[in-house]
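Heads up, there are several structures right after this.
After this come two complexes, each holding subunit A, first together with subunit B and then together with subunit C.
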Partner chain A sequence: MASVAAFYLLAAVVLAAAAGVVFKRNLVHSALLLAVTFIGVAGLYILLAADFLAAVQLLVYNGAVAVIVVIGVMLTQKGDMKNSNPPNRMGRGLLVVVVLLAAGMLAAVLTTKWPVVAQPPPGETAGAIAGLLLGEFAIAFEAAAVLLLAAMIGAIILARGGENRGSHRT
Partner chain B sequence: MRPLVEEMIGGPAWLADLAMIAVQIGAIFAVIMASAIVLVYAERKVSAFMQMRIGPNRVGPWGILQTTADMLKLLSKEDIVPRAAERRVWALAPVLLFVPAVAAYAVLPLDAGLVFADLNIGIFYFVAISSQATLPFLMAGWASNNKYALLGGMRTVAQMISYEIPLVFSLLGVVMLTGSMKMSDIVGAQRDFWFILIQPAAFLVYVIAATAETNRTPFDLVEAESEIIAGPFTEYSGMRWSLFFLAEYANLVAVSAIAATVFLGGWQGPWLPGWLWFTAKVVMMIYVFMWFRWTFPRIRVDQLMSFGWKGLLPLALVNVVVTGIGIYIAQQWRG
Partner chain C sequence: MAAIGLEHYLTVAALLFCLGVYGLLTKRNLVAILMSIELMLNAVNLNMVAFSRFITPDAFVGQLFAVFTITVAAAEVAVGLALIFSIYRDRATTSTEELDWMKW
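Let's turn to the complex of A and B:
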């Protein structure tokens, strides 16, 4: 009972924060609300007894991704931040897209037969995740590592710039 | 204590559970407040000792009531809100900074069986929670609408993200040895010898990275007074300012407690009761951190970055690899 109440509370927080990300006029506020969304999703993971995943969500998304997003927004600061996230004129068209998308997802959710297991969730999840990552999905795991390394090297080279373009340093 | 609470309340079991949780959270707050009061005084006295001064000696015997006087001063200060600040974000930042500082205490094992929540992912929970402190600093720096505050906020992010990685890797060595992230397992595995003996490099990396994570000298670039006034704290005064410092001292105690738990055997020790051992180890670690603060000069931003990425991180990685090889050899040895 308490977990159902907690689910609806968290879901409300996540949805409200996500709506705020879209509708807030100040881009920094949007970015900060994105962090609230991440925390709410971590809460949902805890409700699903996925404690390790929740901690990863907090560490990676809120400890790193949200921070990078906020910094990116701040560095592109305009004179007037009050109106840095203006709405565009595609509202009507977007409404159609959103309704179609929602209908499609709802249809998928309602028609899928969700398997239900009677056994309780495992108490210790980190070991199982590690077994899968380093066993069955080892190649994908390593490939992701190489991909991230390549992205990092690319970012460093981009940030360094060319030899003669160093006149404008920040 | 649980039966006592049940008797006092007399209601259904969940009510007693709720009361117990309230008591435990209250106890965590009490520990933080009490240690902050003691630590503010201790920091003044330790700094005086390091610099061959006397330190506070006017308020009460040996100046023991200095913190009380400080608190009265802070409480009675005017609450100044800068006109150009983003009011809501600005007011929220110190409160949000305090939340992870308190939440980290949930997994600290104070004695055998004396832990608020002995999570399966204990140590990882601590890492995840302490990483949440970055964003409030950034919020404070940005919302103050002050260039020094914003600079301080940026520095916080660079510093905390850079030093979080070696911190995590230094703890990883111990997790590999115990095969568990549960705090009680980590303490239990140190019954015969402390992990500092077989993980000295990890301990070194941890202590340095933890100093940076708590923004203390020589890593206090975030609030470097001589460069950027007080960084993100510049525009805060009175109680809002003291919340920042409460969080800093709470973090100091937390990282010291983690060092004591992971590397120094936690509450284990001969003769004396466990909580006393634990307190003694934590106090010793706090003294080491204070010692650092009054011994080393502040480093530069570029030194901070290159030291973190080129010095600490490789050392932590090598430690993980060596630990792995060591475990493999030990397994082969035993057959």
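Let's turn to the complex of A and C:
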């Protein structure tokens, strides 16, 4: 079945790229592999019949977040990139902790009896999400808009520095 | 090969989340730490979309929550990087090992 093969391929791409983000020692490689991870997750969304979310994932994560992260790498690294992303001293011990965490989560996932309903995937999702966003969740929608505005203003003010910087000191 | 069920997606998301946790705790560079947080947020989104598809296929609330998570993640990465720029301007470093002046 094509979708089964596509799932395993996308899962392998996502996990390999995410491992690259974490284990690569060159920060530029990490940033580019982060974009690969986002694209793989968008593919998984398509397999899950969430076409609108796949588009949002590509637009917001690849179009905005990945690019902002790359700009962040560009503006804050100087000199050689070869060893720009080293792990700290806790690496070995934390690997044990994280493997235990993964084992616990996988045990929970595999032993829980999920109330799965066998139902064909919805054909179209954007209309239904729009109806929820502007209906039942309208207040949350507006709050998210205010949050984005506040974050944008805050980011601009933080990134350009305090008011005692620059030529127009007040 | 068996058909892909909810558990498959949850497994991928759990592993992705654990990779994010590992990166979050072991990275020295602030930008790399932000990347790890993005990995964890993606894992959570994948979980919610999978639950939405397999448990409540006609309610769409899981997908809606994923939309809100993506919104908050975008805001978080913008503010986070602005903070990193601000720190970098003051201290000329983005290494967590050198940002320890509140430690005693």
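Note that in this section the second predicted complex is superposed on the first by the 162 of 170 C-alpha atoms of A that agree within 3 Å, B and C clash if a C-alpha of one lies under 4 Å from a C-alpha of the other, contacts with A are read in each partner's own complex, and residues count from 1 in each chain.
Please note the rule applied: contacts are C-beta pairs under 8 Å (C-beta built on N, C-alpha and C of every residue); 3 or more make two chains touch, one makes a residue touch a chain.
These numbers come from a predicted model, not from an experiment.
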On the A-aligned overlay, A:29 touches which partner chain: subunit B = first, subunit C = second, or both, or neither?
first
Identify the partner contact of A:64: answer first if only subunit B is touched, second if only subunit C is, both if each is, neither if none is.
both
According to the contact criterion defined above, which of subunit B and subunit C contacts more residues of subunit A?
C
Kindly classify A:153 by the partners it touches after superposition: subunit B alone (first), subunit C alone (second), both, or neither?
neither
After superposition on the shared chain, which partner residues are touched by A:134: those of subunit B (first), subunit C (second), both, or neither?
neither
Tell me which partner A:56 touches in the superposition: subunit B (first), subunit C (second), both or neither.
both
Which partner does A:15 contact after superposing on A: first (subunit B), second (subunit C), both, neither?
second
Could you look at A:72 and tell me whether it touches subunit B, subunit C, both or neither (first, second, both, neither)?
second
If I apply the document's touch criterion, which positions on subunit A are contacted by subunit B in one structure and by subunit C in the other?
52, 56, 64, 71, 125
For the subunit A and subunit B complex, residues of the former touching the latter:
28-29, 32, 35, 51-52, 55-56, 58-59, 62-64, 66-67, 70-71, 74, 123-126
Which of the residues in subunit C come into contact with subunit A in the complex?
1-12, 14-23, 25-32, 34-36, 38-39, 42, 45-46, 49-50, 52-58, 60-61, 63-64, 66-68, 70-79, 81-86, 88-89, 94, 96-97
Would you mind writing out the residues of subunit A in touch with subunit C in their complex?
1, 3-5, 7-8, 11, 14-15, 18-19, 21-22, 27, 30-31, 34, 37-38, 41, 44-45, 47-50, 52-53, 56-57, 60-61, 64-65, 68-69, 71-73, 75-77, 84-88, 90-91, 94-95, 98-99, 101-102, 105-106, 109-110, 114-117, 119-122, 125, 128-129, 132-133, 137, 140, 144, 147-148, 150-152, 154-159, 161
Residue positions on subunit B within touch of subunit A in the complex are 86, 89, 119-121, 124-125, 127-129, 131-132, 134-135, 138-139, 142, 150, 154, 157, 161, 164, 181
